[in-house]
Amino acid sequence: MSGAMLVVTAHVGDFVWRCGGAMALHARRGVAVHLVCLSYGENGESNSAWQGDVSRDAVKAQRRAEAEAAAGILGVQSLDFHDLGDYPLPESADSVRRISEVLRRTRASVVLTHPEHDPSNLDHCRTFEMTLRARMQAMAPGHGSDFVVPPQILCFEPHQTELCGFKPNVLLDITEVWEQKWQAMQAMPTQRNLWAYYERVAQQRGAQAGRRGKHAGNRYGEAYQSIFPAVVSSLVE
Amino acid sequence: MSGAMLVVTAHVGDFVWRCGGAMALHARRGVAVHLVCLSYGENGESNSAWQGDVSRDAVKAQRRAEAEAAAGILGVQSLDFHDLGDYPLPESADSVRRISEVLRRTRASVVLTHPEHDPSNLDHCRTFEMTLRARMQAMAPGHGSDFVVPPQILCFEPHQTELCGFKPNVLLDITEVWEQKWQAMQAMPTQRNLWAYYERVAQQRGAQAGRRGKHAGNRYGEAYQSIFPAVVSSLVE
Amino acid sequence: MSGAMLVVTAHVGDFVWRCGGAMALHARRGVAVHLVCLSYGENGESNSAWQGDVSRDAVKAQRRAEAEAAAGILGVQSLDFHDLGDYPLPESADSVRRISEVLRRTRASVVLTHPEHDPSNLDHCRTFEMTLRARMQAMAPGHGSDFVVPPQILCFEPHQTELCGFKPNVLLDITEVWEQKWQAMQAMPTQRNLWAYYERVAQQRGAQAGRRGKHAGNRYGEAYQSIFPAVVSSLVE
Amino acid sequence: MSGAMLVVTAHVGDFVWRCGGAMALHARRGVAVHLVCLSYGENGESNSAWQGDVSRDAVKAQRRAEAEAAAGILGVQSLDFHDLGDYPLPESADSVRRISEVLRRTRASVVLTHPEHDPSNLDHCRTFEMTLRARMQAMAPGHGSDFVVPPQILCFEPHQTELCGFKPNVLLDITEVWEQKWQAMQAMPTQRNLWAYYERVAQQRGAQAGRRGKHAGNRYGEAYQSIFPAVVSSLVE
Amino acid sequence: MSGAMLVVTAHVGDFVWRCGGAMALHARRGVAVHLVCLSYGENGESNSAWQGDVSRDAVKAQRRAEAEAAAGILGVQSLDFHDLGDYPLPESADSVRRISEVLRRTRASVVLTHPEHDPSNLDHCRTFEMTLRARMQAMAPGHGSDFVVPPQILCFEPHQTELCGFKPNVLLDITEVWEQKWQAMQAMPTQRNLWAYYERVAQQRGAQAGRRGKHAGNRYGEAYQSIFPAVVSSLVE
Amino acid sequence: MSGAMLVVTAHVGDFVWRCGGAMALHARRGVAVHLVCLSYGENGESNSAWQGDVSRDAVKAQRRAEAEAAAGILGVQSLDFHDLGDYPLPESADSVRRISEVLRRTRASVVLTHPEHDPSNLDHCRTFEMTLRARMQAMAPGHGSDFVVPPQILCFEPHQTELCGFKPNVLLDITEVWEQKWQAMQAMPTQRNLWAYYERVAQQRGAQAGRRGKHAGNRYGEAYQSIFPAVVSSLVE
């Protein structure tokens, strides 16, 4: 397998919990996995790091180091930090442009990002919207002759799915890379409080996938919702 | 490719316009395609046949012959007519049981049928519901030890998609079997008035599919909406 | 103006509160207004009638008399009672057939009935569904050569709109017939408890209509949701 | 605390996994908890019981015994089995009437049942609909002068929430009765395969509840979606 | 009762019509009620004030005085005017920060604001979004160690509910404070045209609440839609 | 017929494909049709123009000339180009103000624009939102005493309707102006690739309209979704 995949997240931790399995799985098969983190999540998703009179820069450095470690475990090929700040994450036309340039350079055929709605976390919504805008910018000839065929967008799982209207139509079997995902999660000690929660998420998705067809031995899974129709040559899975 | 596919429709014409391409494509590749038509559509979808003092039996016989001809062109392996009557189509526990028996016998991994909602045609909704019920009956050990892994349900395109809340997430490239589908349509002269309409539907779906990725040469397509999440081993199309 | 309109309700009171204005308005202009009440609402919508040891037949007779009086005030041309019983109202293929026959006989171009969803009153949902089925039966040549062009379906306002997902896209100005509607309401003393409520509903819809365009003097209104697209020759109201 | 609660399920196992915590919690506080199981789930939800040439009656007896044991652990006060059969569960006007009679007799102010939609399990949808119909029948004076104030309906969690459009707006802290629920689950050895899955469901709901306000120590939870607006005297939780 | 409640509105009038009852009710019980008005509504919601050659400053002063009077009647403890301008209301990161600071200072456990959607009034949507963003900012340790447990968000009623997809799941009985709310409405003579409309809204919500259970004497109500699940210890209202 | 209609599009081509029939039809009847194009669509919707080392200014000039030609064919009375750039189109408070000024000057009673959602083209969503904001600005007395009665908003058809949640409730018969629309399409040679696609769209909408009532001879149509309820004096089409 060749090709490329792009992951765009609002905060550094998101890629591990939500699509770390997909990243490891595709990297292992030769797909080039690229990652963009729009912020370090230093304000709202680094709670345990704010001890004593730690500086903002120190918190950001700590989260960056964790993200690099986790990305390394998952086999990521390139990693961009946009450092936009978070809670709230501001809109940024410059970030949109930079994401579009990654799409042009990598020719990624699929982009993983946050779902459209999340009333508890508007940073995620904004990331979704900026990613869709970057997709447009990447496919426009007026921005350069290296314009791309527009990629599929797959939204990964938010923290509380029903709150976000998240309706997964794809369950990915990640059993074979679970150990790698689990290690990447442990490379994020600042968010240790989420480890058990997302281990259970993976087990539930694995159990759901195991009910259907040939993935009966499936034990760990990840859920995705596609934004655009898939174009296929066969309907038999 | 092996395996089996089941198509369940309310009226005899439906399979041609809505999923004739999928049937021909999979039959050509060795998938066993089975078809159940719950009615002959003699009341509401055979308008041109009601000429003079034609009898109901004659209309039904005419539609049955057309359906057999079209099914033959598309490579159908088995064809059941339940003759429930239409406009409206009544609920039938017996039909549910018979569909479940086809599922058990054929081990079909995917079922094509009407979408859940259609205010202009409740026969379609009832067929959807009976198919889902048959799926349950087929997977229950209490109805026999030959119970099945529950198949995916893919809804094909209704006449006016937006009226039905139809949201396709799969576009099937049927370019290579278009001629076969077109012939099957012509084997249904009673509904000649629909030929041009569904030729354009196929062209529109082909054009939409052609915008995305590797199906750029796609000229004809069919749209489907999956009811259950697909379980996959890769996210790269 | 000529033509015909059909109203189908679950219980005898419904037509007064929900579309009495439309009935009076169109009757006044020469449209033939026909009414079908599937039940007398004797069980669940005649609370004040169940005094002492009144008999079921007496309650039904009382409600029938009220409905006839109200229908007379509104200018109804024909009135059918199906007497199916209520709370719950059972499904009835015979009623579907009878409604379809009214459609064939009257050539009504529009049918007013309950909206699709109402968790507090499934009799209303069933009436909607039976009406849609009757529409199919009326348009099918196989049920007789007097088949009709399928009419528009307009759903009138339920008791608590948001609970029912009711989304009106039409506001009808009933100011000129308000007095008639008010009298028809008073012809239903068994449901006296609803008079003030539905007077306020009419005032709210009047106020909402008054905000838009040329109906600034509008003081009373009724809200409707169309099921099928309107086919028009102009977009300027 | 006094009052009464009614639980209506399609199959015998459902009450344990989906609302066993609510049942134990309210029973402990003096609320009378009543249970109606429309079927034994013998066909579709007793897979491990169909060993060798076991008879249908034996499977039903086994499931009935399990349900009685689990209900006893949870403090249920009355338990009705309607024995309608399952996969599929048929509609039954008689069951609707019997549920309405329980509502009249117990004056339950809240009913727990399945959510409205579930494409993988139409028995659940039918139970929801029959429960709403029973609610109507119970509140109608025409069916007896002991008619009730209509109760709130709370839908408990289906197996795969997003597939069902389930949107919980209430999270119940069941930490204090978790051990009881866990024992009730173990009283259902026929469905041993679900124990771990629903333990994790309880942990996820507990974690979600723990994020909000004063339930920080919350470790186990259950999720519910209310069908009707709650009428309250205060907005501060 | 203690604790705090925050109300955030786009224009000065909104709090009176939409949640004046809740404000008076909670203030009376000892809850500290805080209010933020993002604009004076001087452009689009002060129609009768634009007489002759009145200046913009005079209109704003008049609306401010009215808001202060109404807030006083309702028992508001603090009142901030952001003076952002209206029709349209611009986005403002500074306002988001200021709202988040009120949340940190008051520890409000519930925030009342506009619903998410309103095609006729995007100022309301923007206020909703800014409030959700402020909630995020308030709960982030990186913005200060006084971060808060995230409050519940309750959306109050828009002018035309169905247009906004507003689905209330909470009805508040405000009968005991109706006179106070009515006085506060009259303290807003610039919008005299809305008095009768919102009196009827209160009566309709009161009637709807009165149908359910123990609030039978309820005569006035307000409707709310919660954004996040409520975490509860009991399901019996 | 008199009055005025405003069309607001994101890119120069949109008005031709999506509402060219409505424009020609109303212009022919004496309605003043005004057009605002927020960008030239030079980046993302002028693919065939980017040949060799053509300059951006040349592409824009070419598209402007095409738009002027097409508008002339359709009978447009005024045409504004805002030249905001595209893919992505930026938000612009100045453009909102300019659109509101057109509304004030022309007193248009209906505005045609893009639908609210389109994940493949956020320029369209932004145009919808800016148009709604302009509607607010136009109706606010604080922005000038020539404020207007707020116009109806009708959304025209996006490229792939189901992807956008587009639910048309109005089908306009454009048979009599089809030749004019077809000529206007041909005046846009840069987007020659869309001609056949939108000819088929018009045929499908014509066929759908032809199924209902008196437009049986309808051969070409356009679909619209109204945002606000229509206020009417009759329910009979």
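A few comments on the model shown:
Think of it as A, B, C, D, E and F in the order they're written, each chain with its own count starting at 1.
What we mean here is this: a contact is a pair of C-beta atoms (placed from the backbone, for glycine too) under 8 Å apart; a residue touches a chain by one contact, two chains touch by 3 or more.
Per UniProt, the chains are A, B, C, D, E, F = PIG-L domain-containing protein.
Predicted model only: the values in this text are computed from it and were never measured.
Comparing the centres of all chains, each the average of its CA atoms, the largest separation from subunit A belongs to C.
In this assembly, D is the chain whose CA centroid lies farthest from the centroid of subunit F. Annotation: A-E is the more contact-rich of the chain pairs A-D and A-E, by number of C-beta pairs in contact.
Here subunit B and subunit F face each other with the same set of residues for the most part; over half of the interface numbers are shared between them. If each chain is reduced to the centroid of its CA atoms, subunit A and subunit B end up 37 Å from each other.
Taking each chain's centre as the mean of its C-alpha atoms, subunit B lies 52 Å from subunit E.
Among all residues of subunit D, those that touch two or more other chains are 150, 163, 168, 208, 228-229. Every pair of chains meeting the touch criterion is listed here: A-B, A-D, A-E, A-F, B-C, B-D, B-F, C-D, C-E, C-F, D-E, E-F. Against subunit D, the residues of subunit E that register as touching in their complex are 1, 3, 5, 22, 25-26, 29, 31, 109-110, 112, 149-150, 152, 154, 168-173, 208-209, 211-216, 218, 223-224, 226, 228-237.
Remark: subunit A residues 159-163, 166-168, 196-197, 200-201, 203-204, 207-208, 223 touch subunit D in the complex. Put simply, subunit E touches subunit A in their complex at residues 93, 96, 116, 129, 132-133, 136-137, 139-143, 145, 150, 153, 227-229.
The touching residues of subunit D, counted against subunit B in their complex, run 42-44, 46-47, 50, 56, 59, 86-88, 90, 119-123, 163.
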